[in-house]
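Only one structure is covered here, and it is reproduced in the block below.
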Amino acid sequence: MSKKDLIICRCEEVTEEEIKKAIREGADNVDAVKRATRAGMGLCQSHTCYTLIVKIIHEMTGKPIKEILPATHRSPIRPITAEILAKSKNM
Amino acid sequence: MKDRLKSTPGAWVISREILEASPGYPSKEELKRKPVIVIECPEEIPCDPCETICPRGAIVVGEPITNLPRIDQDKCNACGLCIPICPGLAIFLVDNTYSEKEATVSFPYEYYPLPKEGDEVNAVNREGEIACKAKVLKVRDPKSHDHTSVITIVIPKEYSNQVRGIELQQKVDKNE
Amino acid sequence: MKVFDATDVVVIGGGAVGCSIAYHLAKEGIDVILFERGNLASGASGRCGGMVVQLYGRELNIDKTRKRLNLTQLNTHRLLELQDKIGDFEYKQIGSFDIAVSEEEWNSLKKLVEIQHKLGDNEIELLDEKQTREIMPIFGDRTVFGSRYRPSDGNLNPFKLTYLLARAAKKHGAVICTNNKIEEIIEDNGKVIGVRSCIGKTKAKWVVNATNAWASQLTKEVEIIPVREIAMITEALPELRSCPFEARFEGEFAYGTTQTKDGNLLIGGPGLPTGEPGNYNYYDEFIRLSETKRCAEYLCGFFPSLRHVNVIRSWAGTMAFTPDGVPFIGPIPNKEGLLVVAGFADGMADAAAVGELITEYITQVKFISIPMEIFDPGRPCPKIEWPHPYVHETLHEFLAKKYNNLELANKRINQI
Amino acid sequence: MGKETMNVELAVVGGGPAGLAVAAKAASYGVQVTVFDENERPGGQLFKQIHKFFGSKEHQAGIRGHDIGYSLLSQCEEFGVKTMLNTVVWGIEKNMLGIQNNGRTYTIKTKKTIIATGASENPLCFPGWTLSGVMGAGAAQTMMNVHRVQPGQKALMVGSGNVGLIVSYQLLLAGIKVAAIVEALPKIGGYMVHAAKIRRTGVPILTSATICEARGENEVEEAVIASIDEKGNVMEGTQRVLPVDLICIAVGLRPLAELCWMAGCKFMFLPVLGDHVPIHDENMRSTVKDIYVAGDVAGIEEASTAMEEGRLAGIAVAEELGYLGSEEADEKKNLARKRLESLRLGPFGDTRAEAKRKLTESEVNR
Amino acid sequence: MRIFYHPILGKLEEKRKITLEVDGKKIAAYEGEPIAAALLAAGIRVLRMSPKREEPRGVFCAIGRCTDCVMIVDGQPNVRTCVTPARDGMKIQTQKGLGKWAKKL
């Protein structure tokens, strides 16, 4: 397997190359990379790939790691079926 | 490919000199004279069960808890209670007075299966290399040890400073 | 001279509309810098269904149907062309529904379609229950009386549209500057001369305020009404026969089922502002637990067979409306050089066309494609249909009116 | 359970070492506590930790992690802590938690919430890392120590921090061969005593080395490793192929802080504690009213520190809720802090102690 | 392979044995253990094929966070097998891509 095909986002199968391309085009934070590539939009919601993306952004842009924040976390933080979510009252 | 993978030299272990200079390591004379507890604990880890368990107050960590354990060989009667309690499995008992040519080494062992008393086994050094043949003298595995057995093996005296265990009793693939 | 010192046109706002303007301008050889305070598509373009619905609403816009449609129909054509030029943004003309879920709604829908036909909107179709279910079988046994259907509507991937437009704009020489908030549009004697941001001043002959829900913050002359919007995304599903729709659910307004190429489905609706009386927040992007749940109820309610699918995230964003429901597109009176492009409840239905129109305006100082009076930001804007909702109580009334259910709106208000 | 809204005085999210310690402590003073945990049984990572703990008697040193887990559980039971298992906390909004349990969702209204969600493992990517058989060291640990299943037959461990070393040892205990441990740095990251016990079995530890690739048709069949230079680049000619069917990644942990982010807690970036860490004061209170943090979510440390932090938070919450006088609470809190301090002594703890100070002394706490 | 005897944890506790059907084949499992653990014990390590590149995937995090171990369980795709307890008679299928829903969507 060539390095070019290296997967970063396991859920959406986004490669390192695609992420680097997005960064070259100006995406300099996790959220921007996500919007540009779908990395982090899958089932796990960027849980696994987020640190890898941070590292790539840092290496390519020189932006300090501490300034590269994770994408926004929103409910539900685990996949839950619509039926179960809907099956509740008084919320 | 067939050559055995070797550890990067110096990667993991602090040299024997440092080990021997640490306060838990007995002097050469003490090693010769009587059964001694050997503590191979050269890093300042916050940990002191060896001190707590010693009924004679021979092992002292004190304050702060990161002090390296010191052992007072005069107080120590080599009862070996500290061997199974050490979370780092870093305490041994070496007896160079066992016989004229032989010494015993007692060490903690948690693998399955346990050797049986009387078994002929391979004794290994700190690097896992086979140092010499050994005979299993004792296997102690009381409940109080909480699954950390203390095994005593008999080895030729000249190896007593390097032997710290035995080859695993499970089948080992010799090809690698 | 440094890049950001001066340019012909400054576009403020990196959504689909702003990027489209930048692209169209740059393509004509005009110097353009686009400023976006966050990331591209981080406003409504990134928090929307990607629905390309040419005419929304039942009470609204009826009298303006044809004029409003001029723009969105142009957009529909342009999107197809654009997709060939800038790359695949997953635009599909798969039709859209306005669903009647009660007898009463069905009757009024019938009347509405009749009026629309009279007004010259010949494409709109009235479909009965059977026809509706045929096109969208996932309604299952859900009560559906019929629908209003527009075959040329559809959906697209709004992220891709925005990013591809930005990429194409850059290829033509535009400068895209993200994470840089414009603090002020600088004027001199009734003439706009540039903008100020934290990286300094940028001189420009033209400034285009394309910040949609945030437009009033920079340009006080226009009145933009932000409305919180909530939505939920499902796990990726195999391709379903579905198209964008709007419908009432227990009196509330819901929309969705835009299945992306990747298979995720989106469903949502408007949400209420958050915060305390006197200090309501219409831009709050935190989605409340009850709102996530509400979206799940929409999904289960409309598509019982989809109730077992996983919800993987939800969000809140901000849509924008103008007081009369028709977007502002054009120059601000007595502010030479300032254009406003804002008030899109559904920017995807306008983005491509608006980019072209603004470019025509800037290059030729007149609109040539379609009549634009209806979009004039300087038009008198009676606040009849859309009461000013900056005060929470009036938004409450507005929602009540929109949902035609005061009791329900009251209930929702009490939940805050 | 009939009602959809439940009132809980103290909600503890996460039933691991920190969460259970909070629960037992707070409940012992009379606080009504409910612990929510996603798993079928509580204890979190404690039940994976079958080695004897370091520390002192007060820290339950010399006792195996899973036994500490059992004793914490019985304390919780003794003090009437309610435990909701198989329960996902899927969202948080001020004093409300959205939970899912047994096919329904509920809203939990709380007076105080403790987020003790622990940590998750850092990924490491290399060609082939998505192959079946490449997994987190913690994942392998869960499979063998909790579920009693061998995750493979022959393993390569990537990373020589304590997790890498301990899991390597545990792989051996589970009858799995360990081909090697590779470490990118020139020295091992974990305790020497852990390395020593593995070395006694002959498992090679290769430093300044990395994994280049995992190969295999459907599952891992071999791993390519190589030496790296100071810049981290692979030195040509040093590649070696190891026949393994399991590659464990142990390159550190980071706080599993989604709920803290969602709740709006302020964070500080502290690499030594794993990543962005929710800022908390010396009572473990986050920057959001009524939300506390404890354990790895508040900075990656050991299970023993997690439990001490939990006890500290438990005392603080009991005091806040009026179950404990301030004088008594202060005394108990100081004792807990002392125990924490002692766990953070020495060359391995110094940097963590320093980072923790930065957190608690952060301006946003004032 | 199961670890029937563990030097620290002792003998494997006897739990209720159940049967799972995996891609049509029956395998033995213990009630309540995660599906992924049961499969691993039966030597099944490839749990799904990814949607885009159709590559094999297995257990990665084992704590329900990475969602890599999802399979079709009783007709429902995307079920996290590492945190879903095994129950007698469950029908489990290797998930190809987004998976096939048993129920008509």
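Descriptive notes on the structure:
To keep things simple, chains are lettered A, B, C, D and E as they appear, and every chain counts its residues starting from 1.
Note that a residue touches a chain if its C-beta (ideal position, glycine included) is under 8 Å from a C-beta of that chain, and two chains touch if they have at least 3 such contacts.
It should be emphasised that the depicted structure is a prediction, and the values quoted were computed from it without experimental measurement.
Among the remaining chains, those touching subunit C and also subunit E are A, D.
Looking at subunit A and subunit D, the chains in contact with each of them are C, E. Chain A has the C-alpha centroid lying closest to the overall centroid of all protein C-alpha atoms shown.
Computed from the mean C-alpha positions, the centre of subunit B lies at a distance of 42 Å from the centre of subunit E. Distance between chain centres (mean CA atoms), subunit A to subunit E: 26 Å.
Work out the mean CA point of subunit B and of subunit D, and you get 30 Å between them. Residue positions of subunit A touching 2 or more other chains: 7, 10, 12, 42-43, 47-48, 72, 74-76, 78-80, 85, 88, 91. Of all residues in subunit D, those that touch two or more other chains are 38, 64, 91-92, 98, 105, 107, 120, 130, 173, 175. Among the residues of subunit C, those in touch with two or more other chains are 235-236, 286, 289, 292-293, 306, 308-310. A list of each chain pair in contact follows: A-C, A-D, A-E, B-D, B-E, C-D, C-E, D-E. By the touch criterion stated above, subunit E contacts subunit C in their complex at residues 51, 76, 78, 98-101, 103-105.
On the subunit C side of its complex with subunit A, the touching residues are 38-42, 46, 159, 162-163, 166-167, 170, 176, 178-179, 232, 234-236, 262, 264, 285-287, 289-290, 292-293, 296-297, 299-301, 306-315.
Residues 12, 25-29, 31-32, 35-36, 38, 41-43, 45, 72, 74-76, 79-83, 85-86, 88, 91 of subunit A are the ones that touch subunit C when the two sit in their complex. Interface residues of subunit A, counted against subunit D in their complex, comprise 1-3, 5-8, 10, 16, 47-49, 51-52, 65-66, 69-70, 72-78, 80, 84-85, 87-91. Interface residues of subunit C, counted against subunit E in their complex, comprise 138, 235-238, 240, 263, 305-306, 308-310.
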